[in-house]
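Each structure below appears as structure tokens.
The two complexes that follow have chain A in common; it is paired with chain B in the first and with chain C in the second.
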Partner chain A sequence: MKQSGTSPLLQGAVQDLASGVVSALRSGDHARAAAVPAAADGEAGGLALAAVRVLGADALLPSTLLHTPPLPDELAVFRKAVETYPPGAGAGPTVVWSHWAMRRTLRRLDPGHADGPDEEPDTAWLEGTTWQLLTHQLAVLAALAVPGEDCGVARAAGQRPVDVARGFVRAVRRRDWRQAAGAGRWLTLLEGVPPTLGLENGLDFVELMGGQDPLVELQVRAARLTRTGAFV
Partner chain B sequence: MSSTEKFTEELTGIQSADIEAALDPAEADGIYRDSRECAALALFKGGFGLLLSPPTPRPKKG
Partner chain C sequence: MTDTRLIHNVGAGALEWLWAHRDGFRLEPDVDPEIGFLERFKPVGELAMICKVLFREGVAGSRQARLARQLLDHAWRETLDGGRMLVRGQLTEPISPIPFEVYLPFKELGYSQPEVERAAALNHRLDSWVSFEATPTRRLGLSAFQRRFGLPPRPPEAELRGTTWLARTPEPWTVEGHIAYDVTHNVFHLTDWGERPDGLPPGTAEYLATWLPVWIDDWLDLERWDLLGELLVVDACLPRPTLDERAWKGFAAAQQPDGAMPALRTMPEGTPDEVFDIVYHPTLVAAYASVLAMSRSLSRMAEAS
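And now, the complex of A and B:
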């Protein structure tokens, strides 16, 4: 499913990057399948950097979930993307939170990197929002759904597991596979999810129907790794 | 500044707007299932029953 307002060139680069992440998650060894491309100059380098910024913290998901240190080149490109594309003035909360998630990932994987205070953006925009919008926003910020990582968005999701479950079902019914996969990934982390949801089979179905999209496959695979505890 | 750098800067300028759009997308339009996919849901391991429940009624006007 294409996202409106995004250049096809960038969409393609993000999908390529997501494919690399999926391969690395599959192989379980990012050294054999580096997800983030090594630094490049010129047009290709600029595009790759932009793709890393769009995929956000998930660009280093294999290192996060499999506890393997990122390659120096991967880390350098990731750091450059963080530095090159800070949220602009008036950026939406998902843009701000996505950047915060990247900085947090950088601090965890590269402790020597200091980039100022770790203050969380606010979550006011999620308070009292409808379950449909909540699910949409959480799916956009699915990179924040990482085991053992606490943040304001995760706490907001944790307070409304039933609403996220409703949103997951709605997304499947609307055939919005990206949203369904992102919501499913969150649900694997939340307590109080109704067992009648059938999340395991639901994720299988999302993968079956939307898995040809690497962005869907990435979320489903992340959800499975989280659920099976492979990240431990 | 070389022509390559200038081109990259221009490209990056375009991408900044694209990046913000990609990171803050509107919800995609829904596409609802056809009867064949409903059947697939029914057969799919039989464990995803919630999706097969009838849709919630539309609110009445007025």
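And now, the complex of A and C:
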């Protein structure tokens, strides 16, 4: 699951940002360093902002999962990324949904800046899709796999736990660790996952094989926090 | 669900190729003892087993049924010299189960060679025969063959069923080629090569119904036609086969115009014998998958009408 259309510089910035999120999730305390760097000007600032947009709602995942309020600077950069990169007119459903997830996160973490009504995008593109494509799309939208946060995509996933489990197996077999980790994160939220999947060991396996990639590690950490109920 | 014509054509093509290349089923009586005379018996046994399935299911066209009978006659009379080569193999390696395994489908189809039967009955009494080290799936297969031969299986199949990889329903994402072949053969033994789909324990059937689609998807994309063919057989052994259209179309597209099925990606290069040795197995498997899938597809239509 490569990020297509992103420059090596941006990919590096996304990796750095994901590493920061992983560190914050790992430390799990209030005195953590900010995952999202403070606003900067010029090219570096633009890159950091774009990286936040690529990582989406997961840029503030430590605050979401650990119930720690984000630092003001983090929140400001996140808000700026939401405002700077609205989905274009012809944007695909994953882009629209990932932006929606960012706005939802913003509303939750910064209620004072609520920005009007927020209708859910539709999930028609997931209806009747193959289990292979369903899992791929869900993995792209893994930032929506947040405990206690209902939405159309989560409901679509909830209706097809066996298909998502199949997609997890497929991703592991193909060594697509990012997709496997994203699918695994969804599976920790779903009812009706076949016990023979061996999800817990599966997530450890994905981490062992692909965990040097911070984007994989981020999903595995999120899944573990979800599974252990640390967010409650 | 896949068009039955497509499934039928895969099997019909495979049988044409097997008949045209029947001389490839050959023994090598003067082979180096280090390689072993019995090495080349396996293809003959597989041919007989699959022709037997074809007769049993009764869904092949009249030409396919005739070709299968001619292939069996050829293998018995020419390749095995009326069964005398099985006796020779048994005399060369007295404790080997291979002559017995090759003989069984022929016996079930009415061919007879009493000396092989005497050796099988004697070997069956030997503790060595019960104890030689083999994988759990192979051991299960040997016991199933003893039952079919009319001997009390040693060890009983009930003791063996729980010892295989598949019986333990392990993590499906750990499956690789060798494990996948163990799974397919385990299913063949549990169902008597598709004759008794209810031989699959419910938990095993449910496990396969859940995860087989992933493995089929995977080996289809890897273009490993030999293994894909065996997985399509497993699908046809399930209580509710999927007869997956994408997999069957890919499998059919890989088949050559003369009916040969490559083992991996495309046809190999080499002498006719070298090509035969690589391709005969996936082509046999194609015939086998076709006849079982046809049979299940027709039963389903009959149930629906």
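Operating definition for what follows: the second predicted complex is superposed on the first by the 227 of 232 C-alpha atoms of A that agree within 3 Å, B and C clash if a C-alpha of one lies under 4 Å from a C-alpha of the other, contacts with A are read in each partner's own complex, and residues count from 1 in each chain.
Assume a contact is a pair of C-beta atoms (placed from the backbone, for glycine too) under 8 Å apart; a residue touches a chain by one contact, two chains touch by 3 or more.
Keep in mind the model is a prediction, meaning the values are calculated, not measured.
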*asked:* Let me test your reading of the model: by the given contact rule, A:R227 touches which partner, first (chain B), second (chain C), both or neither?
replied: neither
*Does chain C touch more residues of chain A than chain B does, or is it the other way round?*
B
_Tell me the contact category for A:R175 with respect to chain B and chain C: first, second, both or neither._
first
*Using the touch definition from the top, say if A:V140 reaches chain B (first), chain C (second), both or neither.*
first
*In the overlay, answer first, second, both or neither for which of chain B and chain C A:L197 touches.*
both
*Should A:Y85 be classified as contacting the first partner (chain B), the second (chain C), both, or neither?*
first
*asked:* Applying the document's definition of touch, where does A:L10 land relative to chain B and chain C: first, second, both, or neither?
replied: first
*Report for A:V162: first if it touches chain B alone, second if chain C alone, otherwise both or neither.*
second
*Could you tell me which stretches of chain A are touched by chain B in one complex and by chain C in the other?*
132, 169, 172-174, 196-198, 201-202, 205
*asked:* Help me check something: in the complex, which residues belonging to chain B touch chain A?
replied: 4, 7-8, 11-12, 14-16, 18-28, 30-33, 37, 41, 44-45, 47-51, 55
*Provide the residue numbers of chain A that touch chain B in the complex, in ascending order.*
1, 3-7, 10-11, 14, 41-43, 45-47, 50, 53-54, 56, 84-85, 87-88, 91-92, 94-95, 98, 132, 136, 140, 169, 172-176, 178-179, 196-198, 200-202, 204-205, 208-209
*What residues on chain C touch chain A, complex-wise?*
169-173, 175, 207, 210-211, 213-214, 217-218
*Provide the residue numbers of chain A that touch chain C in the complex, in ascending order.*
131-132, 162, 165-166, 168-170, 172-174, 194, 196-198, 201-202, 205
